[in-house]
Amino acid sequence: MTALLRRVDPYLKIEAYDPEAELMLLHFGPQHPSTHGVFRMDLYLDGELIVKAVPHCGYLHRAVEKLCEKLAYVQLTPIVDKNDYVAPMTNELALVMAFEALLKQDVPRRARWLRSLFAELQRVASHLLAIGTLAIDLGGALGGGTTVFMHCFRERELILDLFEAVTGSRFHYNTHTIGGNRHDLPEGWAKQAKDAIRVIRERLPEYGALTIENRIFQQRMQKVGVLDGELALELGVTGPNLRASGVDHDLRRDAPYAAYDEVKVNVVTAQTGDCFARAIVRVKEIEESLRLAECFLDGLPEGPINGGKPTKMAVQTKVPVGQTYVGIETPRGELGTWLVADGTHTPYRLKIRPASLHSLSALPYVLPGHTVSDAIAILGSLDPIMGEVDR
Amino acid sequence: MNELIHGGLYGGMIVGVLMTTTAMALWFERKFAARMQSRLGPTMVGPSGLLQPFADVVKLLQKEDIVPFQADRVLFNLAPPLGAIAAISVAAVIPFSADIIAADLDVGVLYLLAIGALGVLPVFIAGWGSNNKFALLGGMRALAQSVSYEVPLVLAALVPVILTGSMKLSAIVEFQATHHWLVVWPFFLGVPAFIIFMLAMLAEANRIPFDIPEAESELVAGITTEYTGIKFALFYMAEYVHTLVASAVGAALFLGGWDGPFAPGLGWMVAKTLALFGFVYWLRWTLLRFRSDQLMALCWRYLVPAGVVLVAASAVWVVWVG
Amino acid sequence: MTHEPAAPAPAAPRPRTVDDGSNFRHPLYQVLLDTPGLTVGTAAVDDLLTWGLTNAMWIFPMATSCCGIEFMATMASRVDIDRMGSFVRPTPRQADVMVVAGTITTKMAPRVLKLWEQMPEPKWCVAMGSCAISGDFYRNLYSVVPGIDTFLPVDVYIPGCPPNPEALMHGMLRLQEKIRGQRHGKDFAPKPDAALLKITQPSIPRLVEANRPADLSAAQERASDQPTVDEATPALVVAPEDAPEVAPLVANDFEGLLKEVGVTELPKDGPPLVPAAHHLELARRLKALGYRQLVTIAATHWLAGRGRKGAVADEVEHFEIAFVVRTVGAGSRTAAWAVRVLPGQPLLTLSGVYAGADWQEREQFDLVGVKFAGHPDLRRIMQAESATSFPLRRDHPADAPCAPWR
């Protein structure tokens, strides 16, 4: 059925469509309250209807890949932390897993469980932020949206506190190293984590009532920004955005890494592919991640947390010649690392495959035919993080 | 001559009280919103942040006044005062108590509807005069919205006029004081009309969930995008005054105005107004925003037909029962 | 005693100072000064004005990256900057303080400046986080502005990466103090700490500093050249219009397909190298076989003599473009292959097969400088349109000058 949907032409020639030049060109961004950072869309408007959308990114292009060619392997974890700054834990994980793949380095079981635990908690924090900012987009900075946002942030702080207790930093943790983790859990952390999980689980219905059960929210989101599953796959859209389009694909289950092969991961999907489906998948994933986090917390094995060889200097860690691709499931989708090593202490080429860039590449297909208000909802529901898009 | 002095005196008093109330309403709103969001709200300026609105005004007075290079200077400068005047003028006919009325016009309801409708003009002027695309979109939306919601507003306001047989606001309140409040009896006419009236008033005052003309998350700041300093303050104030006055009118038309036991009339009127006002802010900080086409659908599909039916039913009620 | 009129003293040479207005004495001003009670009054009014300015600082968030998230956390319940009367205005016209939270790139900097100029006076600027202060570790890279004070007047610096919400709150309180002080005529220029000045070296020494070319701009220019194709070198790929008709591939798995295009054994040091002529057909067949998801496209610039072992062209400079695709659902499999092209030679685009290849190829074109023939919209994506170089080429210096901010 989906194949019957007519695909929007993203390369529409605007002169041919509108020879009298009566369309209004609205530069949406790069500084705009709803672009989630610095992102620009050139919207050609017919009244309030979008005829064509031309996204422009790169306003936060920080040349991370060039920096990675310059620094030693062990110095890179804090650098990639800043890419997807809402989920730094998974950033580090994708990076060190690529190094470990070429080094053929084994990771102790406890470290793998810790990594999965952190990743799940990070997913909760990230989705909370996504829902909060989506609500702000829909409800305005001086309105009901802010209330949802504040509540989401209140819960997000609980998780940041947990991470701060482990690593000493609210984000940019630098806790994953080649062969394991750098920080073990402090005394009493498990109880604190349990409490946080319980509190968040208790409060989840609150967000539900304010967002996905809210009539206005439903009206704004349903049947808006429908992304066809086949197109999403072609574009490389991953994560909750892909699962909302009815594609049952989650790397945690389909290509397990860390400790995900030892637990059962329930993949949340929705069929409609609209903004509402994307929102609902995120809310449901919070519940699932809380369950998984509890599971990892309960079954956390004892043992060493680092199997790597200790080195005195950064330059001593040398990765053998080879090329590899490692992808993991972050809160935003598949975050991958394409690593080209030439046997020295720095990568020859390191490409980070961002999930958000691929999500944004759906915009020219999805936006036409919607209004400016819908554009906000669509952009918010895709949950892009510009640090990851532009790197 | 006497009437002139009376009008001037009460007018001045009402404007003064309205301004102070608006400032307090701003403070109240910020604290209220903060409580809803498990925050504290302003605490540092004055006791419990009570002086916060005044600090805002003092600051806004000092800001540079910028007129964008290619804006229409005349229209750009005309819009803010016009908006403030339109919002405040409505207060002239509101009966705060049996004898505190600046101008007890015979056609009070007509006057307040007419002046209320004027409120959209400065909004559109601002949207056009700013020469800013976001402002233009905001003005466009505001115009469509206000013109649409004018219809259910008038229809809903007709219900008390028909039921009480007068367009004089004091007479309407007097009628309710001697008979029943309109939301009490006949409640099947009064309550729906009251709801339609408040919804339409919210839309006229551009409050959430109807605040699409200035939707910050979509249109940056909508019509006020290019306004600085005191001009912005006028717009901001006009919005609050509009809401406040709308609450007062709603209280007078449907909730029996100054009527109530034990307390003096003024107290009852103020209490009812503030209760409605608080309700508006409760909505504001809970609900999300409609899209403009949904807003239009709500108006034309539900509110207008309901209004027409209500007016007809009121006429039938008055002729056959009342 | 008579007064001898004093001999006129020799006229003192006029001090050659610039009149800064501090010695201004207008007669009217004197009258105002002498009026009793007036100074007290004006001082009171001034205090009132200052009170208003400091207690209603509306913030324009120039939140670009990580610090923006901490900025949002400052708005949120735990710290709640609304306590001091500050909240966010989305338009610069109504804001008093611009909080630059995050890295500012050369592409963004002109916009930041424009937004700053749109703010009405009096206005202040807060640099939040080390990226805004100095560019942090992105400082020397080609696309990052090394600190916003290269083009904006900064009032308060808040260090941290990112600063805690409490730190931002502290910074705002310090800004209040600064405004009050300035209104009272106090100088708030920072007094440098002698101990801090000694720290000039970064704590982690740069590892490849020795490779830094002396003349940076020349090196950057060199990297931007499109080397012409040497006639003598065997062409690795042909222009799309000359592309020979390749027979459609029929194998049913990735290994079989590789055999069909002539790759007999899988190389140890990377993905299999596929002849460019078969590249498009391979992708088409893989998509039909269920590899429906495009994962990534990554181009590597191999300098002469640095390429992978045992290949035809490892002595000459060339690009190796890797493609990764994936099947979806349980038991997901990936397939990766690579194609080589010489500098200046285009590769047929994949965007007709996978729509997502559009942006991926644009990125590789922008950063590495690989051309894709038949691409519908081959523009730069990360760098500004005016950029000239391809920074991810290996001969592009990591420490690049980026005019006009350094």
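Going in written order, the chains are labelled A, B and C, and every chain counts its residues from 1.
One rule holds in what follows: contacts are C-beta pairs under 8 Å (C-beta built on N, C-alpha and C of every residue); 3 or more make two chains touch, one makes a residue touch a chain.
All figures in this text were calculated on a predicted structure; none of them were measured in a lab.
In this assembly, C is the chain whose CA centroid lies farthest from the centroid of subunit B. By number of C-beta pairs in contact, the leading pair of chains is A-C.
Separating the centre of subunit B from that of subunit C, both taken as means of CA atoms, is a distance of 46 Å.
If you average the Cα atoms of subunit A and of subunit C, the two centres end up 20 Å apart. Between subunit A and subunit B the centroid-to-centroid distance comes to 43 Å (mean Cα coordinates, whole Å). The residues of subunit B that reach two or more other chains are 37-39, 216-217, 220, listed in rising order.
Across the assembly, subunit C contributes 76-77, 90 as residues in contact with two or more other chains. In subunit A, 32-33, 141, 150-151, 154 are the positions where the chain touches two or more neighbouring chains simultaneously.
Against subunit C, the residues of subunit A that register as touching in their complex are 10-11, 30-33, 37-38, 57-67, 69-72, 75, 79, 82, 85-86, 129, 141, 149-151, 153-154, 156-157, 170-172, 230-231, 233-238, 247-249, 251, 253-255, 314-315, 321-323, 325, 327, 334, 336, 338, 340, 342, 345-346, 348-349, 351, 353, 357-358, 361, 365, 386-387, 390-391. Within the complex formed with subunit C, the subunit B residues making contact are 30, 34, 37-45, 49, 51-52, 54-66, 216-217, 220-221, 224-229, 232. Per the touch definition, subunit C reaches subunit B in the complex via residues 48-49, 51-53, 55-57, 76-77, 80, 82-85, 89-91, 93-94, 96, 118, 120-122. Residues 33, 36-39, 133-134, 137, 140-141, 208-209, 211-212, 215-220, 284-294 of subunit B are the ones touching subunit A in the complex.
Across the complex, subunit A is touched by residues 62-66, 68-70, 72-73, 76-78, 88, 90, 102-103, 105, 107-108, 111-112, 115, 137-138, 141-144, 161-162, 164, 204, 207-208, 268-271, 292-296, 298, 300-301, 306, 322, 324, 328-332, 334, 336, 338, 354-356, 358-360, 363, 367, 376-377, 380-384, 391-392, 394, 396, 398 of subunit C.
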